[in-house]
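Presented sequentially are two complexes of chain A, the first with chain B as partner and the second with chain C.
Right, the complex of A and B next:
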């Protein structure tokens, strides 16, 4: 539903003035409260659910399967309630997050033997969203990966390349499993919107609708490793001030660190 | 499923009859579930003398609730008012709506009801006064007056048999909305009163649609307040009533609007009904939080909603 001209005018002036005034009065780098839980699906290797206060909700399950080496190590799929498959938003979410996780994941973490490897299937469902679902899905995937456990191998690592029957055998005791993220943290993808010189994280739907455009940052190992612009409104207008890109990196660095710490506490408490 | 075989005495233990002293000549006509909140499928009364209203269904002689809500009684009519659900328009309601479609000689307006409301071209004030005849050129330039996405406040003029509403804006207090911010809360939380356009402390007006749509705007002199004589009001209404231009709104007013919006959302979070007194009380309670943004936390919302109720008492 489009905003009225007067409404849009009010919002965009509020957001681009100095200092900005968001409709709910938040600081540019403040998130709205959210509800997060990890390990909610018993039939998966790792799972998580996040609910936002505006009604947005996302559930992610991670399944690890044993496959012959050589394929894609990670596959991200997501369903968005109310949208058809292969919608632009869906493929944008899947490709962005898939490449982010694949680039960040060290291959040694998934390898079983030199013939077999784990393949991670990360499946998400976005039950509802009012604001842009990228940050929501990324945070839920982050949480699910932190929660992911892989069974330990009991067969010796067979170095004989010609051994055809050497199927890997696993420990049946789930207590013996190891965490996927023992010395490694998954990436976080955060979206910020730009309005004039100001940059806002966790934009509401109406804030995104009146913004100049969005910038996403991929955060991994305490630094921003990727940037991209995102179209957040139904118009071709997508002009940023160069300085606002630098501001966006600063703001996203700060919030990503805080979000990462907050989500790690969620997993630690479960 | 509840027991449909009729009411046994044990079942009536937890039931009581609605107070017969409430109206003089009433007599005890049957037992009605004592607690006021019922869930779908719950027995409301097993007495067949009651008439069954909205939100109920009957099996045999018993009446059951079909929604989760509170039992209301008007004389012999029992109905259950749902706690949540879409807004049900009633004649005379002051509502806020958004244009979703421009049709022939009418606009379709989203008012949060089951169906879109209709605003006829003949039910709006056109520039040039009441006496002016609607011409074909008006039909052709309907988008100049109101277009898709535009917000307006209006009154429900009539409700059709299928539940759809017909609106009118034939008063200078109704019409296109400017200079402010729109948001919505569940319509069940709005407390009906005589006045739904409220002047709040801090230079802000609140237009409180009965349908749960709210508009907070900078306080400006409305057309009727500018000393124009009543008889000339209509002639004074020019094109400016359909203007899309905002006036200058100072940053402090924008912050006050954000604070009021958060205060009302805090009442919503606490499931507290929204009325003029409660909005002002919640605003006063919110002053405890220096930054408007601190009010988005759930603890803050809960506290403000509690404080607002204490202030009223």
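Right, the complex of A and C next:
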């Protein structure tokens, strides 16, 4: 539902004043409550589901397949309900998250032998979204990767040349499998919107619609490793103060740390 | 590679069932109250399907679950409700990951089949000029995708409070040599001719029968009889679940 001019004006004024006033009374760095579960699909290597209180929902399944070394190690694909394939939003989500995961994942975690490697297929389905689905998809992928298990290898890790025909053999006992993220944490991509001098995380659809623009931060190993502006509203006007970028990094650092800890607790409890 | 024994001489199947036993069923309704009018999730064995129903609502270009695109207004039927069905098969639903394109012909055919079934089962004349969007999400498949989709859609429509003549329940039955097997899993489906049947509640009214493999005509009747009894059994389970949900909900509002 598009906002009327009066509504838009009211919302944008209340968001940009100091201190800001969000329609639902949240702090700038507070998330809405969400419902998260990991390990929901036994047929995948790792899976997760997150549901937001506005009805937005995302399901992610991770499948690892054995491939010959040399290809792309990670592939991220997503389906957005109600949108055609190759929509701009879909390709934005896939490329952003694919490069984030690929850059963060050490190649040694996927290697099997000198010839074979795992390839991770991360597939997401966004069943419904009211607000921008980037944070939702990123958090679900984070959970699914934390939940991902890879079977242990039982063939000797031969570096011989004559091992080329031998396909790797795996332990059939799933209890013996190893976690992909034993000493490694997946990246988190968080979106914040800027309104005047204020920065808000987890924006609702209306907040994003009246904001000056969005900034995404890729968070990995307790650092912000990437930053990008995102168009969160239809118009081409997207101008914000340089100081807002610094504020955004501060706010996103704080919330990413908290979100990361919260999601790790979800996996630990399942 | 040795082939698994589909049906042992002692009368046990791969997963230990007898010929007339269905896989374990777990279903729930009203699982997504925030995003849809009616929703359900059903697990039949390792097959898992989620369904969201939006409607009955005014047909618009961006109706809820988003099955229908721009031209739905021209489809607004003056006499009865318009149903649109959309299915998404998750790429991770099969053992080996497989990405299906959006307009896979098998999936489209399945959507059309489901649409036809529910056009008969829903009292469409009560809601003219409106639209119901059924979105199906297949999260895991282990045989019986169509039956699980039909059962899930049936439950979600009931949850949405849409008047229907009865539940539509679907079940598969296969013929292994001379033995009828009920509710096949993926391995069994690949090995023998099977049919999917849907009935309107616990009646003998058949709303769908789909048989895509070659089978002797003398074997058809026992397969149909078995599938029908499976449908009737499923109706009991689904009905029990809906009643249980209703009871809980009434208790919550304090009635």
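The rule is simple: the second predicted complex is superposed on the first by the 268 of 270 C-alpha atoms of A that agree within 3 Å, B and C clash if a C-alpha of one lies under 4 Å from a C-alpha of the other, contacts with A are read in each partner's own complex, and residues count from 1 in each chain.
Just so it is clear, a residue touches a chain if its C-beta (ideal position, glycine included) is under 8 Å from a C-beta of that chain, and two chains touch if they have at least 3 such contacts.
Predicted model only: the values in this text are computed from it and were never measured.
J.: Based on the superposed arrangement, let me know which partner A:7 touches: chain B (first), chain C (second), both, or neither?
T.: After superposing on A, A:7 lies in contact with chain B but is clear of chain C.
J.: Kindly classify A:17 by the partners it touches after superposition: chain B alone (first), chain C alone (second), both, or neither?
T.: In the superposition, A:17 contacts chain B only.
J.: Name the contact category of A:79: first (chain B only), second (chain C only), both, or neither.
T.: In the superposed model, A:79 contacts chain C only, not chain B.
J.: Classify the contacts of A:173 with the two partner chains as first (chain B alone), second (chain C alone), both, or neither.
T.: neither
J.: Using the superposition on chain A described above, determine whether A:44 touches chain B (first), chain C (second), both, or neither.
T.: second
J.: After the superposition on A, what does A:182 contact: first (chain B), second (chain C), both or neither?
T.: Touch status of A:182: no partner.
J.: Just chain B (first), just chain C (second), both, or neither: which does A:25 touch?
T.: first
J.: With both complexes overlaid on chain A, does A:33 touch chain B (first), chain C (second), both or neither?
T.: First partner only.
J.: Touching chain B in one complex and chain C in the other: list those residues of chain A.
T.: The overlap between the chain B and chain C interfaces on chain A comprises residues 53.
J.: Looking at the complex, which residues from chain A come into contact with chain B?
T.: Contacts found on chain A: 1-7, 9-11, 13-14, 17, 19, 21-27, 30, 32-33, 53.
J.: Which residues of chain A touch chain C in the complex?
T.: Residues 41-44, 47, 51, 53-57, 59, 61-63, 65, 77, 79, 81-85, 121, 123, 125, 127-128 of chain A touch chain C in their complex.
J.: Could you please specify the touching residues of chain C with respect to chain A in the complex?
T.: By the definition above, chain C touches chain A via 32, 34-36, 46, 48, 50, 52, 62, 65-67, 86, 88, 90-97, 99, 101-102, 135, 137, 139-140, 142.
J.: Hey, which residues of chain B end up touching chain A in the complex?
T.: 98, 100, 110, 148-151, 176-183, 244-246, 249, 251, 254-255, 258-259, 261-262, 265, 291-293, 295-298
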